[in-house]
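Take a look at the structure below.
Labels run A, B, C and D following the written order; every chain starts at residue 1.
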Amino acid sequence: MTPVVRIQREDFDLGAEVAALARGDADIGAVVSFTGLCRDESCRLAALELEHYPGMAEAEIARVAAEAAARWPLSGLLAIHRFGLIRPGEQIVLVIAASSHRREAFEAADFLMDYLKTRAPFWKREHLADGSIGGWVEAKADDDRAAERWS
Amino acid sequence: MTPVVRIQREDFDLGAEVAALARGDADIGAVVSFTGLCRDESCRLAALELEHYPGMAEAEIARVAAEAAARWPLSGLLAIHRFGLIRPGEQIVLVIAASSHRREAFEAADFLMDYLKTRAPFWKREHLADGSIGGWVEAKADDDRAAERWS
Amino acid sequence: MNQHVAAPPLKLVYFAWVRERVGLADEIVSPPPGTATIAELVRWLKTRGEGYELAFENEAIVRAAIDHTHAKPAASIAGAREIAFFPPMTGG
Amino acid sequence: MNQHVAAPPLKLVYFAWVRERVGLADEIVSPPPGTATIAELVRWLKTRGEGYELAFENEAIVRAAIDHTHAKPAASIAGAREIAFFPPMTGG
């Protein structure tokens, strides 16, 4: 099983990605997906700008995915991370893990998201509704603690 | 937020269900989905037959979903469980949890699946590739232990 | 104390291998006066024939629900409209 | 011990607010002989002007990668082709 990793500007289609990952594999009993969306609770945002480190982004997510594949018996694993301008309600990131049983699929997807948050070289900046460019989003200590659960 | 619960013979469309659940809600940052599929590792099966208790299946899944909604701050929660004959590779069950943050979405989906396994009145029987009807699938102690994690 | 008043007729429903062993999907029964709990109902059902005896052979494994809600053996059946018996669930 | 041999030119890349403070997305530099680790490279960069000083004001917060792999301050930069500096990641 080779994890699929894509870094792209374009949107993705959850249903199509799950179907492609699970297709024709009779030992898949469980598929867990995580979709991360651009949130805007107070209608402050015009968009989030996602900057990334081309080359390292692919390499680092592939390393994290390989760790997950070594740790859980998976039949399929996918990570897509978008960059560029992403508007409220739009999709930013997708992780899919497929396995025979649900525990492994849940844990692998959860692990991949936690590590992606703390290790994948992406940075978010706010573009505000009033047209100005806001600050860089600060990293959360919560995210580091979440990743530490797995070590 | 009122959980969506559907018990149906027909297949479902993961992408469409996620899109419907997350549509237009600016405070959703994380959507976790679980899809359970009919597995057939050794090509033994023609199908699984899912018997259910009409009325109680809806009521019990709605109770479990309400528990999840009380426990985590969710923006959306959905459970679909199919009954009838389901062939290898086909979808059996879908759970979707949407929240502001990923931890809540992961935990709610995980919880809902664990309780659905041990509390929803569904029973699987094997229809074998040779045309005969096999036995009823036995409940797994693992599933009880998984559900106990949440109490 | 009205436990010796005859209970009204009760609908029983059976699922999966409990249904197969009993040989019925559902039936209307009138348990004897004093049948107050799920466990007592099961004890009475087991006197009704081989199929019931086989279905409830291992009482600890058969689950029950009263009016669509899971119920323990000690649960009171007073006022119940529909009682279900079934094996441990294997959905999901 | 060849730590005093002049290192070959090195590509540095900067991201997010590190990039903005340095005022460059990338540059080719020739660190002085003896610059053996990420921490030593940072120390030298901070002598190169106000932008660098501001970018690396809080050294503990700026992350580094050597040839697309995360690296600690003590990591050796020997043989590195591309070294990146950036804030803590906020993807996902």
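Here is the rule we go by: a contact is a pair of C-beta atoms (placed from the backbone, for glycine too) under 8 Å apart; a residue touches a chain by one contact, two chains touch by 3 or more.
Worth saying up front: this structure is predicted, and the values here are computed from it rather than measured.
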{"item": "Shortest chain-hopping distance from chain B out to chain D", "value": "2"}
{"item": "Chain whose Cα centroid lies at the greatest distance from that of chain B", "value": "D"}
{"item": "Centroid spacing, where centroids are CA-atom means, of chain A and chain B in whole angstrom", "value": "23"}
{"item": "Centroid spacing, where centroids are CA-atom means, of chain C and chain D in whole angstrom", "value": "74"}
{"item": "Chain centre separation in whole Å, for chain C relative to chain B (CA means)", "value": "27"}
{"item": "Separation of chain A from chain C, taking each centre as the mean of its C-alpha atoms, in whole Å", "value": "49"}
{"item": "Chain B residues counted as touching two or more neighbouring chains", "value": "36, 102, 113"}
{"item": "Contacts with two or more other chains, residues of chain D listed in rising order", "value": "92"}
{"item": "All pairs of touching chains, each written as two labels joined by a dash", "value": "A-B, A-D, B-C"}
{"item": "Chain B residues within the chain C interface of the complex", "value": "36, 50-53, 55-56, 59-60, 81, 92-93, 113, 116-125, 136-139, 143"}
{"item": "List of chain C residues in touch with chain B within their complex", "value": "13, 15-17, 65, 68-70, 84, 86-92"}
{"item": "Residue numbers on chain A that touch chain B, as the complex places them", "value": "13-16, 18, 22, 24, 26-41, 43, 88-89, 100, 102-103, 105-106, 109-110, 113, 146"}
